[in-house]
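The letters A, B, C, D, E and F name the chains in turn, as written, and every chain counts its residues from 1.
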């Protein structure tokens, strides 16, 4: 029995609220249970200097947590004067994940910055951030380039979920209570067509075996399929897009 | 006629949502129109080293803006590696404002950190932050010390509002459209008993005269009285407290 | 009776020494009693990038304290690797105060940097810095643009003084002994024509009332008038300029 | 045909030189072909403050590249004043990988810092760093605790290798020429008993399929087995240890 | 003929003004011609942690330049967020030079910080700083320990001067005009008893020969002897002390 | 008798290994006994902005130590976020020393960066770095400009050695055991034609006398002559070059 009462293959209650932010070209407030992340997409006319005149666009991401999004207060990174290694690792992951499904040529020479800010944390913030960022990105492309060019530039979905071994059981979408006691956990970033974009697996207490790893992958494929349905519903996209 | 259609002495639509944050000892999501600020109060057992064994507590504040809370994206301070002068000025102001109504002795040797994070900005973020922080602070004291000690430690309200001269007219609670064209503006931090805690007045285009300044102060007294009523309602405190 | 033996409305002994610094385009060594600040004005041909081709100039200010300008030694900000919030607040105030009386168009596309370095501190360093910076700025304009264009670019004076409530009494130009025991204090930046440029009032121990605040403003108006006479004398400007 | 002429399942020429560093408690100069990494293990009597009196030890790692270890010069991180996101990600991976096979209780209250410095880079620096760090760590434990306690504290091997899809072919131990053209690649950190400690897979150009991912895992298992034989030979440990 | 009209072996006009700073335990405003440096000595009860319980004291130094002490404005190090290599080199030199003549045991467990701030620069700021720091240090010891213990803790003088080869001629105490055209220059830190504490010689344009170097040393010995006479006069010490 | 058994005027065993680094234009792994430094020279097409269109090239140097190159581990500067004063002092010295023998005009508008990284430290790292950098620089010029232009741009050798007074005896090329007990030591940077490029002498325990200093200079002249012979042999240059 999971602390939340969920079945092993159940996601937490899911909420996607596109257009939450008044000023951003695209945005999505996404909740995986008590994990709440605000994702915004900001369009800029200039690409980084190393990409000038390449005819291609660029996607980059930044991640942050509000100081009291966590159980006990976490120091503010702006006050400490540096982003932690964990923050940098996560924002690099978000950026790579989105770029994997974007056609940078079709984007044209623009840069889109995704900002993922954790308003409340209860495990799985990076997977919620990736899932919500896809929605914010689609909205920004749709609004600024039009639907046809948006679909050309972003031809596939990407979404992410964590899976882990908790008390010997493979479970989907870990909350904080599970995350902090898991023997092993992994984050899976998968596309709408079933491809693997990123896998990050870590044995927290004991190494895991290849069959265990495959079981987690199976759970993730099912969870991501559900997340992608939710992305489509939130944006009013046809189910078969 | 103001851009928002408001009368000169009208506040924007006000929303105070105490207890918004699941993990914090106290919190308030506060909206002055389209300006949205999440204020949390975090209690810590340790005071700063220079206060040890003084028998007194301490209140401090930090302030931040989400990168896309603003019309165009603002660089993330954590990524730049330093807080701007504006950020530091605002968080110092919030801390001083709250300390002015706290009895640090009655607090006991604890520290409370107020985090004010701007989720969406449309002018007046610092005044919303002060007004919401009082609610978060009261809630944290109430929850951890009990109602009696909370009232002893926080015997008066504090709230803040901006006023300015826009096209020759004195107006209350400027939004961004007014703020960016004001000839002069001022932030007033006032107590429930009518005392002045902080005044910051700045001539943006032309110096203002003492009578003009007094007119702004009058508007502020009226606006702050309304804000304090809203604080009481949000927390279920009796009107005469 | 004030610790210094001054009457409530008396400034400290005043000294303004223009041209103190050999290399700067303009400079003023200014003393408010034992508070000594060296103000220099440095002219640069380039404006900040966001002002290029605007046909306008820019004025900016930086502030610092020598480590042992204070009663006990203050850490060197260059060694700590960051300027404190107080420093940034003060240098932003100095810049705004001077810009309020400059015609940036008449200046032409140049930048003038004001550096205010506290050689010795005894309260009121920011007000001395503003008052001395006006002199340094005028001298730099006079020397590089000629008297006529200088008067066009800088058509009014600005000077500043602090006032406060000390043991229930309103007093002018607080020294450190008064500043550290004041119930409330405020800094007033006023023009030669009597306009308010900046007001910063802070209740240190107890909120102050609007009539008390007005009393402080009255003292400040009188003090600033004396400071502006001293600015004129130091520069050899006619009294009625 | 691979650029290096290797078969798909072949490692590059391998060299492990334990005790390379005169001052360190343990060290290993490790070469995966033209990738050369110096790993040192430094023993300290103090654990981090959050572990004091836990009876447990701690293992941490730092990673760096000499500026001209790379094809074109890379800026020195010490000169830039911050470690890159990539550096932090790699050093966190090295630390987690080693901790996964250490019995922190058996270690006692000491901290061991692993420093992995890339002298020359040709792809796979993080996998070489993990493989060499295990040798440096064993040597440090052996020298300071004795063989019996070293084996108790470090009861299993850990080693790492990269695999990737290059021109549609799954290959083992990518060098730079392959790494920069791979469609996808993954780093596998595995134990001597066949357990998975860390998996990091990234699709560089196109998402990869689950069966492709399993093929890479199979190559990695074979490669890590060879690396662990080399670790034993370098340290003179019996093959069946 | 030197630009200043001085003879090759002549110092610039010298001024030493001990006790210039109101708050510091010891201070000296020192002028080598147009080079003006304010040196203060601040006594602290605590030594650095690595010296605790050693029974010995410590002397350390910091150096800075006001932004417009130089011909054209130099960026403020506090604003840039780091001290330059030149600054660090100079402050390390000042600290070593003073420690060379202090009996750290006789000092007792206190720390004295010397702050050397350049108010105006015209060449030779580091040598003026060392020479003035000795005076500030003596004054601080005299005031806090008494004359007898001061003489025990600081049993010898130290002073410094630069020499260089300018247009083939060896000259003493270079000003900026000479410094910027010198073929080679050197800074000499010497004691009252004629010992060498520090020598830093640098060939700016062409290597210099050992006999040339000896000629510079001879000039320095003469110049330092004059500086030490001035130190004694400034402090009212007997000439033969 | 020296700790190493060497005669007072003996260098440590010397090894120069040019071309050690695969990617760099020029490189030299240099050993002064147990002090091992890797020097690389990296050629860049762009000079610093202040040199553009001067027709001249530039040489600059950076220095670093691996954390466990030292007896006990030294904190990694990249992790601390700043280079120490010692590091900056040394890299400035290396740059000046090399520039003193380069004809920047003959170099053309390129920049060469020398990176000197200490793999193992046992005293004298800066002198080894200078001596090895000359070899790396020559190799880079030879490879990119050809032998004739290389000899025009680098017409003289430069090498460096330390000397010191240890137990009253003047000795050459101090190792760590001697360095840490020396009364005084000095670093000498000399050219192939006998000129002095840099001298840095420091009295560690007691001031030294001019004759003692001359004795150290004599030892250094002899030591540098041997180092220059070794530079020529390593590069296959004729002895009389």
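Rule of thumb we're sticking to: contacts are C-beta pairs under 8 Å (C-beta built on N, C-alpha and C of every residue); 3 or more make two chains touch, one makes a residue touch a chain.
Note that the structure is predicted; figures quoted are calculated from it, not measured.
Q: Using direct touches as single steps, what is the fewest number of steps from subunit C over to subunit D?
A: 3
Q: When every step has to jump to a touching chain, what is the lowest number of steps that links subunit A to subunit F?
A: Counted as steps through touching chains, the separation is 2.
Q: Name the chain whose C-alpha centroid is farthest from the C-alpha centroid of subunit E.
A: Of all the other chains, the one whose centre lies farthest from subunit E is A.
Q: For the two copies subunit B and subunit F, what is the rotation angle that overlays their Cα atoms, in steps of 5 degrees?
A: 180
Q: Please determine the option from C-E, D-F or E-F whose contacts repeat those of A-D, over half of the contact pairs being identical by residue number.
A: Match found for A-D within C-E, D-F or E-F: E-F.
Q: For subunit A versus subunit D, which are copies of one sequence, does the interface use mostly the same residue numbers on each side, meaning over half shared, or is it different?
A: same
Q: Compute the distance, rounded to whole Å, between the mean C-alpha positions of subunit A and subunit B.
A: The answer is 33 Å.
Q: Just how far, in Å, is the C-alpha centre of subunit E from the one of subunit B?
A: Those two chain centres are 51 Å apart.
Q: Among all residues of subunit E, which ones touch two or more of the remaining chains?
A: Residues 81-82.
Q: Chain adjacency by touch: line, ring, star, complete or other shape?
A: ring
Q: Since the chains close into one ring, what order do they take if you set off from subunit C toward subunit E?
A: Listed around the ring from subunit C, going to subunit E first: C, E, F, D, A, B.
Q: List the residues on subunit B that touch subunit A in their complex, please.
A: 21-24, 27, 34, 38, 40, 42, 44, 62, 64, 66-73, 76-79, 81-83, 87, 113, 115, 117, 119-122
Q: Show me the residue ranges of subunit B that touch subunit C in the complex, using the header's touch definition.
A: On the subunit B side, the touching residues are 82, 84-86, 88-89, 91-92, 96, 100, 184, 186, 190-191, 193-203, 206-210, 213-214, 217.
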